[in-house]
Amino acid sequence: MSLTQLCERLLNWTGLPVEVWVGLVVAVIIFLFMTVIVLAVVYLFRKFAGFIQLRLGPRYVGPRGVLQTVCDAVKLLAKEDIIPAEADKGIFIAAPLIVFLPAYLAYIVIPFGQPPHFQPKDLNLGILYVLAITSITVVGIITAGWASGSKWATIGGMRSGAQLISYEVPMSLAVLVPVLISGSLSMKDIAEMQGDRIWYWNAFNISYFGLAFIAFVIYMICALAETNQIPFDLPEAESELVAGYNVEYSGMRFAFFFLAEFSNLFVVCAIATTLFLGGWYAPLPFLPDDGFWSLLWFMLKTLTLVFIVLWIRSTYPRVRIDQLMEFAWKRLFPIALIDLGIVSLIVALR
Amino acid sequence: MPLSESQLEEEIKGKLAGVPVSFNVGKSGLEAHVGREHLIELCKLLHDEPSLCFDYLRCISTVDWIEDGQIEVVYHLYSMAHGHCIIIKVRIPREEPKLPTVSGIWAAANWLEREAYDLMGVVFDGHPDLRRILLPQDWEGHPLRKDYSYDPVEFDEWYAAKVRRGEIP
Amino acid sequence: MNGGAVWWVFFYALSAFTLFNALLVVTGKNLFKCALHLMLVFLGVAGLFLLQGAFLLAGVQTLIYTGGVTTLILFAIMLSEEVVGRQRQLVSRGVSIGISAAICFLGIALTIFGTAVAQLPENYGVHIAPVAQFVAEASHLPMGNVRAVGVALLTQFLVPFEFASVLLVVAVIGAIVIARLAGGK
Amino acid sequence: MKRNSDSGIGSNYPWHKQRPVIEEPRPGEALRADRLIVNMGPQHPSTHGVLRMILTVDGEWVVAAEPDIGYLHRGFEKLAEMRDYDGTIFLSDRWDYLASMSNNIAMSLAIERLLDIQVPERAQWIRMLVAELQRIASHLVFIAAYGLDMGAMTPFFYCFRERERIVGFFEALCGARLTYHYVRVGGVAADLPDGFLEELEKFIPMLQSGFDEIDELLIYNPILIERTSGIGIIPPHLAVSYGLSGPMIRASGIPYDVRKCHPYLFYDAVDWDVITHEACDSWARVWVRSQEMRQSLRIVKQVVERLKEMPAGEVRVKLGRSIRPQKGDCYVAIESPRGELGIYIVSDGSGKPYRVKIRGPSFVNLSIAPRVLPGVKIADLVAILGSFDLVMGEVDR
Amino acid sequence: MHYLVLSALLFSIGIYGVLTRRNAIAILMGIELMLNAVNLNFVAVCASLTPNQITGQIFAAFVIVVAAAEACIGFALIIAIYRNFAKVNVDDINIMRW
């Protein structure tokens, strides 16, 4: 009686079909994986920002400060969360969930490694699913701004909402380029289409005369704006008059926002690796990239992208709100459009 | 190119028809003592005259000579073009410290005069917005006057009265 | 598509969820909460599409409705209501009129549906245009649905597709002009 | 026209009674502009110190701005009248708390001018050395704070690393890190500790490379340039008429520097040039300050050579127990990092100054804000106010 | 068959919403509900009656597109009305003159 048969009998006994249970287990795994990733990224960011700014990052909690973020998380959970008087409770509690869910749901589609057992569920919609999900965060942010009652948070919510929307458009166009190149929406196919040679990857694919690279750059810029990173981090800018949308949140709910922000960052970089940097493939053919190796390569690439984002985050000043909007509509949008047009021409001719 | 004190003195005397101005050279350059009525006339001359062209008002100070019952207002001027500077002193009686404003000529005078009004009580008529600048608007008295008595007990009662009247929450 | 018992469980759950939220949208007191419930309705409808195998449609619905239209509603609410302060309660008027209209419509609709389904000839849909032949085999596979819709859009329904794009452009420009003209800023 | 024709159930429903009162939009008034009075400060992260700006805001644009100051008013001028001459030096540290050396120098020069005493040459050179180092430290704080306003976290640490070293030298010199009262009437409190000049000489090249790093990191950063250039324009004639001074007036193209126009100490014996920029906008003000740091470094180099050759002599004139200048008044101005810091002292022969008037450069520089700020976007407000480099201690005195 | 009942219910709720709401935005929400109900119908009919054809789904897609455009225009109008009359209460806005 091997373990699987035991599980089989157990699951049938509960009457529900097996897939439901598998789904639940996968969901729990993803949640744990995500929290670990977020804690690691936050720790890395603090250490790295410290290095750039001539100071040491967290050093005291745990060996070389590793447990610092864990303690932060515990502190946030334990802190008493206050609900402002004139905030309407219902939405106030719902808002962080709306913001957090998309970041969490997007993990299902990302192929972390060799498809069969490293990708939770390969949806044929892939990219469309991810775009649809990330557009829900906008609603969550606006509700957060509105629900916290204070005039400043509402205006902050609207401003960051407008920012997210205006950067979603060029982002979707940039995402369409690799979809066109590989001809399918599903993330698995796009990654496989790129093959395991570095010059086959979309970003560095010379056969498209660097157009895909332009799309990659546009995607990263929009990714910065979507996750509210430094050049575009207007909502939380403390020196601006208008405070951010999460100004009234504290304790557990703020942890949700915090978790959502960093897991969004990781998700965006993961998608970038799948679309533009050849998913789990190794840069050179002779390097091993099946089975566990594929996971390693994928994480390596994603973390380098996260590294770049954090690097930009700690060196650049903030862009002004109208420059930010103008940059999105007047510069990114046309370039993305033209880029898409030319690539579709090439794909049609080829 | 900057005129020395003596040349400056002749220059001004030449231009000034009938305005009683007395000059002397103090520790920090030429001083012109003038009456309250002719202040504006002198300032306009100093400002507009191309050869003098005092376009930079460095400072307005007020001194409270309590023995001879006068307040002395001192203007320090400097000319960007020529590089020479002059000091104008005006003495006004302590009881009715009225003086025409020069904020029309030099915009810097706006705040400096408001500060003089706030701390010394010199009223500059014609000033666009003569309000207290450093002290709270409802402060009584002008601290820099020699006869300004400030005793903390009296202040506490004044403050408590205001709180009772509900002006301060 | 109509699978076994699990399919029905999901169907009833989703439809109950959607109807419940729709009722809340209609009878909600606070406008902002109505908008959120509307968003949940959209998600419910997207789920129902999935049950029907219309995968692409579910994705499009989520992207356009939950992402776009709900945000549009939220912005409209914010711009037109006082930003903060008294939440104007939505006084519903003529409740009786509404209910009566809804019920009589329901009656008419159900009778039509009932009779129509009964009279349908059994071989409805047999005569399929040649192009649709390719579409037929592909439509069942999940991946196929997306491909099928794509192919159909650009072959069989090209003209309406172009019209739709023109309409969208006109709509966007029109909206900007209206908002800007009145706004004057 | 019957209002509710559609319902037709009868017209006794309440809403018939309320005649719809719609105020016809008067022809001229296109849009009900809802002006908002907004308070920025006195505890706002980007106003350095306790400055409260009362802004009337119309949507995104600032319509009027009125600074409300006086929160840090400690009444120095009245205090000075109750202290003897030597005591006023200790007051001067707290005017412009970022550049307390220059305050001390201004006060002591004014008193020395009253007493007509000759300060030993070595003391004058030390005063110049200390003044220029203080200018570099103060400009570093400005650039760090300005970077923070713009959202760049990293330049803050680079600037403060350099500043820590300078403050370390000051500590070696006079034991204090912020309020030094090192410069006294008649000279300097103590001579340079031995090894001080060699240490300083080793430090100068490091500072030079530090400046280039900060320039490349913040001043020539494209986002910063795009964000600060073209806003807060102060044309030259306005700058002069409003009596601005220091980097504010030099950024509008007018080479007015107290060290050049009214030379004091040995500034005319040292070669350096006045930095001006024609752009008259916030970025120009930031650029002028960063270039001025380099000029100050040049001066420091030359002063260190001079001090090296000079034998270690006495650095302070022996004055009697209490200083009693005869009757008279005098005005002395020096170039503090923020502009022309002028002291007007009137003495009536007694041991206490009769009247001390402090001309704070930030006070006069701030007076142009109500003229420059209207018509600016809220987002730019922070950039413009930051570039004024205000220190509230000096504004409120 | 069950889908038809569901979409009819949804549609009637939409009608109720449109008729009883005084706020213009709520009315537009009601319209959105109705459009969704229609979409549901399209997809249901297409899947049940013609399993191997997807014309129904394409039509539903077009309905979504048109509905989005309509919503966009609708809300622009509402904002314009609010800007001039400072209220979005449908009863009072019945004067054609702007």
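Odds and ends about this structure:
So that you can tell them apart, the chains are marked A, B, C, D and E in the order they are listed, and the count of residues begins at 1 in each.
Convention: a residue touches a chain if its C-beta (ideal position, glycine included) is under 8 Å from a C-beta of that chain, and two chains touch if they have at least 3 such contacts.
Since the model is a prediction, treat every value here as computed from it, not as a measurement.
Graph distance from chain A to chain E, where chains that touch are one step apart, equals 2. Here the chain-to-chain distance from chain A to chain C, counted in touching steps, is 1.
Inter-chain contacts peak for the pair C-E. Chain centres here are Cα means. That of chain C falls 8 Å from that of chain E. Mean C-alpha position of chain B lies 72 Å from that of chain E.
Taking the mean of the C-alpha atoms as each chain's centre, chain A and chain B sit 64 Å apart.
Each chain gets a centre from the mean of its Cα atoms; for chain A and chain D, those two points are 44 Å apart. In chain C, the residues that reach two or more other chains under the touch definition are 56, 60, 68, 75, 93-94, 97, 145, 183. Shown for chain B are the residues that touch two or more other chains, of which there are none. Shown for chain E are the residues in touch with two or more other chains, namely 83-84, 91. Here chain C touches chain E in the complex through residues 1-2, 11, 15, 18-19, 22-23, 25-26, 31, 34-35, 38, 41-42, 45, 48-49, 52-54, 56-57, 60-61, 64-65, 68-69, 72-73, 75-77, 79-81, 88, 90-95, 97-99, 101-103, 105-106, 109-110, 113, 117, 120, 124-125, 128, 132, 135-137, 139-140, 145, 148-149, 152-153, 156-157, 160, 164, 167-168, 170-172, 174-176, 178-179, 181-183, going by the rule given at the top. Contact residues on chain E toward chain C in their complex (touch as defined above): 1-6, 8-17, 19-23, 25-26, 28-30, 32-33, 36, 39-40, 43-44, 47-55, 57-58, 60-62, 64-73, 75-84, 88, 91.
Chain A contributes residues 49, 52-55, 230-231, 233, 237-242, 314-323 to its touches with chain D in the complex.
Across the interface of their complex, chain C is touched by residues 17, 86, 88, 90-91, 94, 123-125, 128-129, 131-133, 135-136, 138-139, 142-143, 146-147, 149-151, 154-155, 158, 161, 165, 168, 184-186 of chain A. Taken in their complex, chain D has these residues touching chain A: 38, 40, 45-46, 60, 147-154, 156-158, 161, 217-218, 221, 223-224, 226-227, 377-382.
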